[in-house]
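What follows is a set of notes on a single structure, which appears directly below.
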Amino acid sequence: MLTIKRLDLDDARMLIDGARAKAEEIGVPMAIAVTDESCNLIAFERMDGSKPPGTQFAIDKAFTATGTWKGTHELREACQPGQPAYGITASHGGRMVVLTGGLPIVVEGNVVGGIGVSSGSPDQDLAVAEAGIAALFGTT
Amino acid sequence: MLTIKRLDLDDARMLIDGARAKAEEIGVPMAIAVTDESCNLIAFERMDGSKPPGTQFAIDKAFTATGTWKGTHELREACQPGQPAYGITASHGGRMVVLTGGLPIVVEGNVVGGIGVSSGSPDQDLAVAEAGIAALFGTT
Amino acid sequence: MLTIKRLDLDDARMLIDGARAKAEEIGVPMAIAVTDESCNLIAFERMDGSKPPGTQFAIDKAFTATGTWKGTHELREACQPGQPAYGITASHGGRMVVLTGGLPIVVEGNVVGGIGVSSGSPDQDLAVAEAGIAALFGTT
Amino acid sequence: MLTIKRLDLDDARMLIDGARAKAEEIGVPMAIAVTDESCNLIAFERMDGSKPPGTQFAIDKAFTATGTWKGTHELREACQPGQPAYGITASHGGRMVVLTGGLPIVVEGNVVGGIGVSSGSPDQDLAVAEAGIAALFGTT
């Protein structure tokens, strides 16, 4: 029998609250998603004024980061033409996204979930995702 | 140009907080989704211990209630064999669900969004959705 | 080599204009779609205030009526449990809809396209679709 | 509660009429789509003689321009191999298209919808989309 470590809803809220605080600080409304270790959605918020496709992008970034155990931006090199992961962006019905802004959440070496942020620039999305994780781990 | 009224994120949070409070009171963990007037997701929370398909059910109940301007349970009779709405459960890629637990949110005669709740019994899902709306309108 | 008779864009506009006039007359905003004989969309209009899922329903009703050479309401009996067409509502990714409001357009015995209307009651949808066809054939 | 500005059907018709006039002027039949601020279709016309996939392309160009707040051609550079938006063409079930011919429609700094045109060369598609917007704003 396995015992799985997984983000709970309070964790997800800390992630989203920390991310949203950063998004407000930089003045960019964001869509923010948190997935569990099985890549399923735990919580989601779309800030007023964010772009419509941000919903799917945020959820898919969290999905991708959780599922690959990597930041989505780290996958970009590997999925270029000629590289080993070429084509993954079309897999899973297009849900594997290599856009910056998805991060896995790691506790004692285990991926326990992920966060995905969308609607700003790549740097902004990443900064907001990192702020969410910092809030969870009390390092802000 | 049209001027559309839409739930904002604070409204969505009030809906979810009110629903979650009711779910805790009755001791049934729920998945809770809020959509805007165009049926797009604004916010979502899955309480610890709720059933895995509750995520999609909650989102689709909110989608259906918002889009039909009816509680999802009100559609059940009309989509039975021989009735006028027979077959809608297979439309929209299966997203039109007639399970109890989805309610439109109406302000001054306009549908401004919807709430969908899943993971309990039909009565429990409906009670939790109603509690969310009561919290939004300050009638709890 | 085949020579195919097909609605042109002017025909489609007459259909939509006639349907919209009827919808305005009865005071129910509708989504209205016209497809060609191959079931592909020629023209579409969503009247202000119609329900969000009306878009897909209208397009799919036109698709279904054109493809089956029948009014969508005529299919309802045949797709009931135990009947020969049982299950078609789940085919074509859910695009075969048997909701009232889709009609084929027949010229000299050939289906040259179809019209689909959604957002009102079954009777309203059908009346608006019929008004579109009457406008095309100059019988209003 | 949010108050959203959205194109109405009259606006959509002005956009399509202006675009179609330009398409007729240059002698290239086009598919023309208009979406609202939530990326949902308001109106569509396929001119006689345009290419079959133009329907989906036009609708998806309007979807993409509305959702990204950018002309679809502006996305092309960013989604090349090695660039930040690499892979978005496979997201949203393939609906994010970076082909020239989609433009957002901006009123007082807010995206209120979009137009997508397909079936000609990139330059022709863009010119026809621009003509639609010029007709809406009375600048033709």
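The first chain written gets the first letter, and so on, giving A, B, C and D; residue counts start at 1 in each chain.
Here is the rule we use: a contact is a pair of C-beta atoms (placed from the backbone, for glycine too) under 8 Å apart; a residue touches a chain by one contact, two chains touch by 3 or more.
Note that the coordinates shown come from a computational prediction; the quantities given were computed from them, not determined experimentally.
Novice: Only C-alpha atoms count here: how many degrees separate subunit B from subunit C in terms of the superposing rotation, rounded to the nearest 5?
Specialist: Superposing the C-alpha atoms of subunit B on subunit C needs a rotation of 90 degrees.
Novice: What is the distance, in whole Å, between the centres of subunit A and subunit D, each centre taken as the mean of its C-alpha atoms?
Specialist: Going by mean C-alpha positions, subunit A sits 29 Å from subunit D.
Novice: I'd like to verify one number: the distance from the centre of subunit C to the centre of subunit D, where each centre is the average of its C-alpha atoms, in whole angstrom.
Specialist: So the centre of subunit C lies 25 Å away from the centre of subunit D.
Novice: Take the average of all CA coordinates in subunit A, do the same for subunit C, and state the distance between these two points in whole angstrom.
Specialist: That pair's centroid distance is 42 Å.
Novice: Using the touch definition from the top, which residues of subunit A touch two or more other chains?
Specialist: In subunit A, the residues touching two or more other chains are 48, 52.
Novice: Would you mind giving me the full set of chain pairs in touch?
Specialist: Pairs of chains that touch one another: A-B, A-D, B-C, B-D, C-D.
Novice: If we count contacts the way the header does, which residues on subunit C are in touch with subunit D in the complex?
Specialist: Residue list for subunit C touching subunit D: 8-9, 12-13, 40-48, 52, 55.
Novice: So in the complex, the part of subunit A that touches subunit D is made up of which residues?
Specialist: Going through subunit A, the ones touching subunit D are 48, 51-53, 56-57, 60, 76, 79-81, 89-90, 93-100, 122.
Novice: Hey, which residues of subunit B end up touching subunit C in the complex?
Specialist: 2, 37-39, 66-69, 81-82, 84-88, 90-94, 96
Novice: Can you check the complex and tell me which residues of subunit D touch subunit B?
Specialist: Checking each residue of subunit D against subunit B gives 1-8, 11, 36, 38, 40, 107, 112.
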